[in-house]
Amino acid sequence: MFFRSDNCAEAAPEIMEAVVRANESALPSYGGDALSVTLAAEFARLFDRDIAFALVATGTGANALALCVVTPPDGAVLCHENAHIRVSEQGAVEFFTGGAHLIGVPGAHGKIDPHALEKILNAPTSRAPSCLSLTQLTETGEAYSLEEMKVLAAIARGHGLRIHVDGARIANALAGSEILLSQLCTEVHVDVLSFGATKNGALSTDAVILFDDALRNELAVRQKRSGHVFSKQRFLAAQWNAYLEGDFWLRLARRANDAAQTLACALAEIDLLTLKHAVDGNILFVKFPTGALSALNKQDIPFYVWEPDVIRMVTAFNTPDEEIAGALEELKRLCA
Amino acid sequence: MFFRSDNCAEAAPEIMEAVVRANESALPSYGGDALSVTLAAEFARLFDRDIAFALVATGTGANALALCVVTPPDGAVLCHENAHIRVSEQGAVEFFTGGAHLIGVPGAHGKIDPHALEKILNAPTSRAPSCLSLTQLTETGEAYSLEEMKVLAAIARGHGLRIHVDGARIANALAGSEILLSQLCTEVHVDVLSFGATKNGALSTDAVILFDDALRNELAVRQKRSGHVFSKQRFLAAQWNAYLEGDFWLRLARRANDAAQTLACALAEIDLLTLKHAVDGNILFVKFPTGALSALNKQDIPFYVWEPDVIRMVTAFNTPDEEIAGALEELKRLCA
Amino acid sequence: MFFRSDNCAEAAPEIMEAVVRANESALPSYGGDALSVTLAAEFARLFDRDIAFALVATGTGANALALCVVTPPDGAVLCHENAHIRVSEQGAVEFFTGGAHLIGVPGAHGKIDPHALEKILNAPTSRAPSCLSLTQLTETGEAYSLEEMKVLAAIARGHGLRIHVDGARIANALAGSEILLSQLCTEVHVDVLSFGATKNGALSTDAVILFDDALRNELAVRQKRSGHVFSKQRFLAAQWNAYLEGDFWLRLARRANDAAQTLACALAEIDLLTLKHAVDGNILFVKFPTGALSALNKQDIPFYVWEPDVIRMVTAFNTPDEEIAGALEELKRLCA
Amino acid sequence: MFFRSDNCAEAAPEIMEAVVRANESALPSYGGDALSVTLAAEFARLFDRDIAFALVATGTGANALALCVVTPPDGAVLCHENAHIRVSEQGAVEFFTGGAHLIGVPGAHGKIDPHALEKILNAPTSRAPSCLSLTQLTETGEAYSLEEMKVLAAIARGHGLRIHVDGARIANALAGSEILLSQLCTEVHVDVLSFGATKNGALSTDAVILFDDALRNELAVRQKRSGHVFSKQRFLAAQWNAYLEGDFWLRLARRANDAAQTLACALAEIDLLTLKHAVDGNILFVKFPTGALSALNKQDIPFYVWEPDVIRMVTAFNTPDEEIAGALEELKRLCA
């Protein structure tokens, strides 16, 4: 039963095969290989312009690297108060930036409230915020609309801030919409993007996508000194090429989202359970009657208890129907 | 022609297969998977005691993490003046430690000279050195004898220093000797080891091996906040399990070393070429007559020109005989 | 009209004379002078035990130094959400600690609410808080009672935290009470204290008082590398000796507090004005009718407008009665 | 007997009087006082252009602040291998820059050798040097000629480096020459200067003088977050105003230099003693016959034994003739 997180899932076979194929001969290291060269062209096509990129192996690495090139040591990053960079990365941003500050902005359902953002930006402070970080898909599983992101970015840019998107699950946010990634990045004026693949079928790779060419060298230096430069970059590039080819990444995300919808629909039939947030991607927060879960032994609950009476469930590109059915049985059992 | 570095080589098929096998089902993330549990037992067996470890994907990541848990921000790491951490990692140690200082110690053939070490340790200084970092195999391709390492470590410990070993190529150093890795770590009183696999047949993984249990939590925290914790750790653990099984790692290194010996013997027959250092592992530095190389166009030299008139060649576990023969032809051509 | 801040006031003549006297002959540097030796004995007497100390010249320097010896790079400091270290020191704590996080705790009148503290400490988090920082006198001018501080410290210690007191105005907090500084430090189990003198009649000196002898060397190293070690320490020690002699520091604070009380009593007579917080020391926050101040030009208000309709006034050890009378006239004029 | 260092000397009475005068009334804090305004004009006059400045209290603070605004975290500062920033400041530069590297350049008599500088700048390296730091007066007491500084700066600028001057004793270097400070800064293309006063008659103040206006805000931010902003800046500004008035600083330095010359001339008469370096300022290194000093008990030597058989002596602006005579007697006694 693996609804705990999408990072428990396997890699997609197509991506694994690409990694195996990348092992057919000796190749130049540090990005001099043909797979990396191809990827550069793929990214240029995907984003409709030349960009700088850094392939890393973890989401925390991607976020910290992305943010440190647009945030000075005395700067501040505004993000949702429950953003992963703020609550789950153990000070990575503070470390990479040399002491910048993360300021949590409130907002319902994991989305930054524009008025709260304005209020913080207008308050007198000794430390000027330098960057707004938007998480898409948000931590609650809801997606910002393009319009919502544009409003927040416009407020931030009006105060001179840079825009970062933590897109660890951006595929899930885009899979169900008509919006292209390039369109999102352009219209939201994104300066730097953490582009996730690990949670969506890759073995282990996320990328930093940098739109400001003037910072290209800074990114390269920071990547190296943080130990995130791969000598055998071929194995990351191979994953990315397979991931992007024919919009495979969006198809993977759609499968995960579909599984989430199936689960959500079935849950609607269970009287005592409710969904805490809208299901815009592959994450569900299932609310139990007050006290129902706390009455049980923790080891009897085969799910991730996120907070008292709330279970978080995450589907993956390959979540089988039987597993959804099994999960529903378990959930019913827990209600009883 | 890929003698440029061992990181241009493929992953060993046995290791790639292990990675493919690791993809057979969903598994707990962040090291809760069975492969990681097995690996912990494997490491305990290999080192003859319980150790803490961190699986990372790069050698720089391993070195910086290893050193930052034994070096305070105002500390200093003593290493050979040409050590990789000092000349090639773009300040990673300074970054991870929060400002510690790297002090280069001279010594012939990439080995720290004990008298030079003593002299530096006895000199008055405002910044007490906190750690000695020994590179084995050294940057020149020579290996320290166990006795040499013990002498240097004893001097350092006499001044209260911790001992780190940069073992990016420790397999190549040990492959030709009778010395066990556990024996080396015990007799040299190693506190923390960067254990390399990437250059010796893995896809991408090096490990930090920590012998001081009191620092276990510090290592975990630092690994997380530097972005080096893998959610899908299974893919690193799988590589390590295959690498260690039946001393596969030593067999891989022996193959690379044998190729280096074949090359070295053939080179001895070429009048104008000499070897700059003893060939104790898989690295050779080939010295040309003065001016021979600088007379040529760089693009006509299919090798890594390390310094004027010196080429560095690195063999791998799968360097074919034909490639050695081809390289010899090229070298002869360059002399002519 | 200088109610803007106590740091606009002169140095007390007695302290200035001590500085002049300290200039009578050549003396050893870096604390080897007799004045520093005397001060060590004075501090031991004042705190009823041997302590380590660092004399610095600014409150920010004192706070950052104090906190960095008890907070690891990945740690977190809990403080009131409006604490000076959080809102006014431009990331000094983040800088000195190498990336620790400041977590603001709410609470009325500048005092941390015990329930809010408990709640934050009991919430799951990836970054374990390492220190509680209490500001005494608080930013609102109210003083914690000894009992209140003990309750907060007990909660924090129960979670393994260290205790720091930001005592930039601790003299003003103690001057009106029966509590001795040594008693406060003992009963609250203070690990490290920022002991202010600059705002209370010194030229420029605050001290870090460290009660944990095991951290003595760490403090010395951090003081040096942050540029806060004075070669001519005599001039700081002289200020401290005069400040402490015969409880001069408490007498100075009492004078400032008395001036604040005079002002507060007179304000009570002015119909339209109210005090926003209790006046426990030398700070007053004067509340005007809504809109009264915003209707005026800023340059016509000879006071520190802290927030819309609120003026902050700070008295000093030498605030003359005429100035109080003049200020009252001005305040009345602003109401009209 | 206080030839140990010029920081053992008193403050000059004229400067102490200025500090006392600065205490005559309440004044705005944080540089809003008239004394600071006057000083800004004085600096503009002295340097023949508008500059940004930061008044701090220690030489280490000045150097670390100065260097961190022109050196990125992954940068490197080139300085003489015995420079104070490299051997005596306990990693302050590494701390303030967030991990930059100090590279020691050799050279006789404390002066960087131009060929050694070229060699290091031309060597391949992963970390591009970003700044050259020249110490004037050097650690040996010798002064660079203007021409020597220009040659070194031209080499450095040719490689894109910034220029910093550590002028803790720049007064002593300039006092005996015709060269103006403004001329030196212009012709050497100095980007940022540590301008010392503490060792030359001030109570405690050195200044960072920044010639690149684009970095003005960066300097202000760094000064604040490192705890080097003085609320009562009046007491530093007063020292500087007195120091600069009528070139008082050069007159003070000349007196110290004259005392050094008197001492040097007398030493020339003592058969067994020699001077290790030329005496261009107020520092002398007196060489004893081999073994002469080591035969004695340390406590019998009332001087600073710098290295075996070498004593360092530093004169001050107020070193009395009797003290010089007494020192000579002692030196003779030690030889006997």
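A few comments on the model shown:
Labels A, B, C and D are assigned to the chains in the order they are written; within every chain, residues are numbered from 1.
By definition in this document, contacts are C-beta pairs under 8 Å (C-beta built on N, C-alpha and C of every residue); 3 or more make two chains touch, one makes a residue touch a chain.
Note that this is a predicted model, so its numbers are computed, not measured.
In terms of the stated touch criterion, the partners common to subunit C and subunit D are A, B, listed by label. Of all the chains, the one whose CA centre sits at the greatest distance from that of subunit D is A.
Rounded to whole angstrom units, the spacing between the C-alpha centres of subunit B and subunit C is 51.
For this pair, subunit A with subunit C, the centres built from the Cα atoms lie 43 Å apart. Chain centres here are Cα means. That of subunit A falls 34 Å from that of subunit B. Along subunit D, residues 73-74, 89-91, 95, 98-99, 126, 221, 224-225 each make contact with two or more other chains.
Of all residues in subunit A, those touching subunit C in their complex are 73-74, 87-91, 94-95, 98-102, 125-127.
Partner subunit B is touched in their complex by these residues of subunit A: 2, 4-5, 7-11, 13, 16, 19-20, 23-29, 56-65, 89-92, 95, 198-199, 203-204, 221, 224-232, 235, 316. The touching residues of subunit C, counted against subunit B in their complex, run 72-74, 98-99, 126, 221-222, 224-225.
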